[in-house]
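Letters A, B and C mark the chains as written, and numbering starts fresh at 1 in each.
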Amino acid sequence: MRSRNMRRLAVAGALSASLVLAACGGGDDEGGEGGSAGGTSPGEGRAECEHLTEFGDLTGRSVHVYTTIVAPEDAPHKESYKLFTECTGAEVEYEGSKEMEAQILVRAQSGNLPDVAYIPQPGLLQTLVTQTETVVEPPASVEENVDEFFGEDWKSYGSVDDTFYAAPLGANVKSFVWYSPKMFADNGWQIPQTWDELMTLSDTIAATGIKPWCVGIESGEATGWPATDWLEDVMLRTAGPDAYDQWITHEIPFNDPAVEEALDAVGAIMKNDEYVNGGIGDVNSIATKAFQEAGLPILDGQCAMHRQASFYSANWPEGTTIAEDGDVFAFYLPGSGEEKPVLGGGEFVAAFNDKPETQAFQTYLSTDTWANEKVKLHPQGGWVSANKGLDINNIASPIDKLSAQILQDPEAVFRFDASDLMPAEVGSNSFWSEMVAWVTGQDTKTTLDNIEESWPSS
Amino acid sequence: MSAGEKILQALIVIALFFAVVAVILVLTSRLRSRVGEYIQSTAFLLPTLILIGVGLLYPAISTIRLSFRNNFDKLWVGFDNYQTIFTDSDQLRVLFNTALWVIITPIVATLIGLIYAVLVDRARFEKFAKALIFLPMAISLVGASLIWKFVYDDNVGLVNAATEAIGLGRHHLLINGPWNNLLLIVIMIWVQAGFAMTVLAAAIKAIPTDIVEAARLDGVGGLKMFRFITVPSIRPTLIVVLTTITITTLKAFDVVRTVTGGNFDTSVLAYEFYVQSFRSNNAGLGAALAVLIFVLVLPVVIYNVRQMRKVAAR
Amino acid sequence: MTTLDTDISDARTISKIEKASESSRKNLTSKGASVAAVVIAVLWTVPTAGLLISSFRPEADIKTTGWWRIFVDPSFTLDNYRAVLSGSSQYNLSEYLINSAIITIPAVIIPISVATMAAYAFAWMQFPLKNFLFILVFALQIVPIQVTMIPLLSLYVDLGLAGGDAPGGGFYTIWLSHAMFALPLAIYLLHNFMSEIPGELIESARVDGAGHVQIFTRLILPLMTPAIAAFAILQFLWVWNDLLVALVFGGGSPDVSPLTVQLAALSGTRGQDWHLLAAGAFVSLIVPLIVFLALQRFFVRGLLAGSVKG
């Protein structure tokens, strides 16, 4: 606690120093912690650099960023830092690893930290803040940008105990059902607007002999997560966002009747032999089918619908057209019809020091400039942000456009993936494994009771 | 760094260690007395003791300490973490699975490695034949697990294709316990047999030729040679191989992690340790599980010590 | 004369018959042996062969049908290899091959040289606490690398060996860590082989006035060649296939990342590109295989031949 307060003081000091410097139009604060590095910023006078000139000349410095994003998705990230380097002179050293979520904790506890990390789960951010006390609050410029470009909800996911730590970066929409527009048109099926219509459609499709749904929840050690997404998505629709929030904070127990109702609603699809598992097998095959391939039977007409997030667009084989009139597309998973709850996820930018180059980089990533720069680097799609300054016209792919529209829709009620917010014992352990047991035969009540039991007591 | 600089660094570090070894050898080469032997042995062991002390002993002790602390504020909680392990019903299943792994893997892998090493010894295609069994070792445990995951796959798996072809139908191989545990153990055996074969082959090559020739002149051949000459001659190496595979098996979590993620009642201690430490963020409980693995290896250590005493007494 | 002749010819016949029956028995066992060897070899090779075939199949085929379909419906492609190896692709495994070699060679040589000395001390020297120390070293094999990560990395950070300005770009921590983790098993294996050497050999050398250093360098090292070669192969493999040590102690800079770090990333952020893994795995497999075949010639029979009485 003491060290955190001291850091806070240091940040405040650095901030006031930078304000003074900004007022004086630059100074020679060489090597000072935080604020400006002094000198004239290489981006001085360029409109797209306006957020970054206050940090001074950062030439020769570099920012080490640690992320979960690896090839090929890392290329547009690296590409999008070019403008930052032009504006500030600082280079960005990029490191991506799929082991990052575990490794960042190891590094935090050993004191071998990067400058910046993209944290994919608010729960992990909370652990880093409260248990390792290594996360440094961002400069005021970042908070201003977040207030301007992101909704309250997104800011709260980047905060711990009401203190803002990490600006949102990318986002994804999970409330999607993938389908084949051609298959739907050929059979005269309509895109359902309510949950009831969805179930009726499922019956209609099942009557033709085609299994309407295909599901796969295998994902190595994270096996089960697609099923947790299912439950969360349905919970948002049957119990509503308020109950959903209480469920995450454990104000209502995990085995609350509301959750039981939601899981049974999922079971009406996932554990229904008439409905699953299109082109793959029986209900049990859900547990061993890799989530990456679970939607592919749609292409052969063996399955009609696959509920999976926007990022599934990367899983369709090369040559598949993803558009409203293409081979595959996605519709919004409907609810009661009145509210429009949206389940999603995203990454957050946490910093571990307050060096000027670190703060400049954080600031850059929180601007609309960066979001638009980044999205232009995705001519094939595959990236969106909840940044309200993101111009829909800059988005190339139809599915990303749809995602961005949903994320920016003032009517939509966005909620973050619950398992990413729950304590790690539940969110990345028992919730996954119990959902797997549930799919392979365990009943709803036992499943929820077991997860409730694993909820940490303190 | 350029490739040249990297090579230079590698050469420097090798030279550095050779220098250390050379200095030790030269400085102690004239010592003959009993006290001299103490100094010599200290010098011979010093690099090892420093490296092991820093790299393994110190972390092992911190793990033991950590296992008595809780997760949130690092307070002492006594044996709470251990109590959790032994009162949780799922953990009994984990202990049972671990027992299966530790009993089956070393025995079967060593047996296959031994038989194969003997069979191909002096055979015409010896090198090639050995390379085939060795191949899985070269793939890494994660790679091997991925390969076998496809072998067991419901749709594109070889096993299901085979059972369907002979009229036994298709099965969800990885879901149905307790057989799924055996399927995972097969992967470990597949990898470890190569280890057993490599080490045992070296031991077989070291059996003095005159012993083998003398036995052959006495008319000993085939199975008898194996039973009365080969096995007794390499008995200490057999124990080494069994011990090493046992310890590797106790520590290995990659197979479970890659193939089932611990689902369908297939988790083992090492995987639970990994999950608690790095996924559930339960460092204390994870440490307790690690200590339990230390404890489980004690019988193996004691057995080895006894064997070494016997050899020394001989 | 005739009787004698008959006797001799009888004796010849008998011995011929005996020889014939003996050789037929030998043939029988060696036939059975050959069959058993072939069965094991086939069982052990099929999964790898499947991987090899898969690495030449197009993405869509890999994901939908079993690899044996290639015999019914042949379609080969080099695309997977092109994707992982070509210098213009993002993966460019060839560059990481160099890093793997740079990491592996010292990480094999260092623990072997240190462990051989220690194993000799444990086997042939007398000193206090010998048994205790040996049991300690042996028992430490059980420590999983995962528990060492935080304490050891903290230490490296404190010593200035890890982090952005690490000497040698971060290679030193990787080498040191590999050496540490290899030692218990190396000492245990080598000690075992070493205590197999007959004590009379050592004794007679001592009587001739040789000290421990001379015995170690002139007598033991040559005798230990097969064991050292065996351990070198194994250590080479472990280091070559290691991901964790490089990931944790290397600090993650692409400059020091081995092939495995890139292999792990090969399937894409969400595992969508796993068809590239088969090709990547084979690229990674070739080097250890060459090392295995090359080191086999050190498995020489009968180095001890003639030196043992009885």
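By our rule, a residue touches a chain if its C-beta (ideal position, glycine included) is under 8 Å from a C-beta of that chain, and two chains touch if they have at least 3 such contacts.
The structure presented is a predicted model; accordingly, all values stated were derived computationally and were not measured.
J.: Starting from the defined contact criterion, work out which chains touch subunit A and subunit C both, please.
T.: Output, common partners of subunit A and subunit C: B.
J.: Using the touch rule stated at the top, which two chains are linked by the largest number of C-beta contacts?
T.: B-C
J.: Distance from the CA centroid of subunit A to that of subunit C, rounded to the nearest Å?
T.: 42
J.: I'd like to verify one number: the distance from the centre of subunit A to the centre of subunit B, where each centre is the average of its C-alpha atoms, in whole angstrom.
T.: Measuring from centre to centre gives 39 Å for this pair.
J.: When the C-alpha atoms of subunit B and subunit C are each averaged to a single point, how far apart are the two points in Å?
T.: Those two chain centres are 12 Å apart.
J.: Residues of subunit B that touch two or more other chains: which are they?
T.: Residue numbers touching two or more other chains: 278.
J.: Which positions in subunit C touch two or more other chains at once?
T.: In subunit C, 64, 150, 243 touch at least two other chains.
J.: Give me the residue numbers in subunit A that touch at least two other chains, ranges are fine.
T.: Residues 106, 219-220 of subunit A touch two or more partner chains.
J.: If we count contacts the way the header does, which residues on subunit C are in touch with subunit A in the complex?
T.: Counting only subunit C, the residues touching subunit A are 59-60, 63-64, 90-91, 149-150, 153-154, 156-158, 162-164, 243, 247-248, 251-254, 261, 264-266, 268-274.
J.: Which subunit B residues qualify as touching subunit A in the complex?
T.: Touching subunit A: residues 71-72, 153-155, 170, 172, 174-175, 257-258, 260-264, 275, 278-282 of subunit B.
J.: Enumerate the contact residues on subunit A facing subunit B in the complex.
T.: 102, 105-106, 127, 131, 219-224, 280-281, 284-285, 287-289, 424-425, 428-429, 432-433, 436-437, 440, 456, 458
J.: State the interface residues of subunit C toward subunit B in the complex, per the touch definition above.
T.: That would be residues 22, 25-26, 29-30, 33-34, 36-37, 40-41, 44-48, 50-51, 54, 64-68, 98-99, 102, 105-106, 109-110, 113-115, 117-118, 120-122, 125-128, 130-131, 133, 135-144, 146-148, 150-152, 155, 168-169, 171-172, 175-177, 179-181, 183-185, 187-189, 192-193, 195-196, 211-214, 216-217, 226-227, 229-230, 233-234, 237, 240-241, 243, 255, 260, 277, 281, 284-285, 288-289, 292-293, 296, 299-308 of subunit C.
J.: Quick one: which bits of subunit A touch subunit C in the complex? Just the residue numbers, please.
T.: Result: residues 64, 66, 68-75, 93, 95-99, 103, 106-107, 109-112, 219-220, 290, 292-293, 296, 311, 314-315, 317-318 of subunit A touch subunit C.
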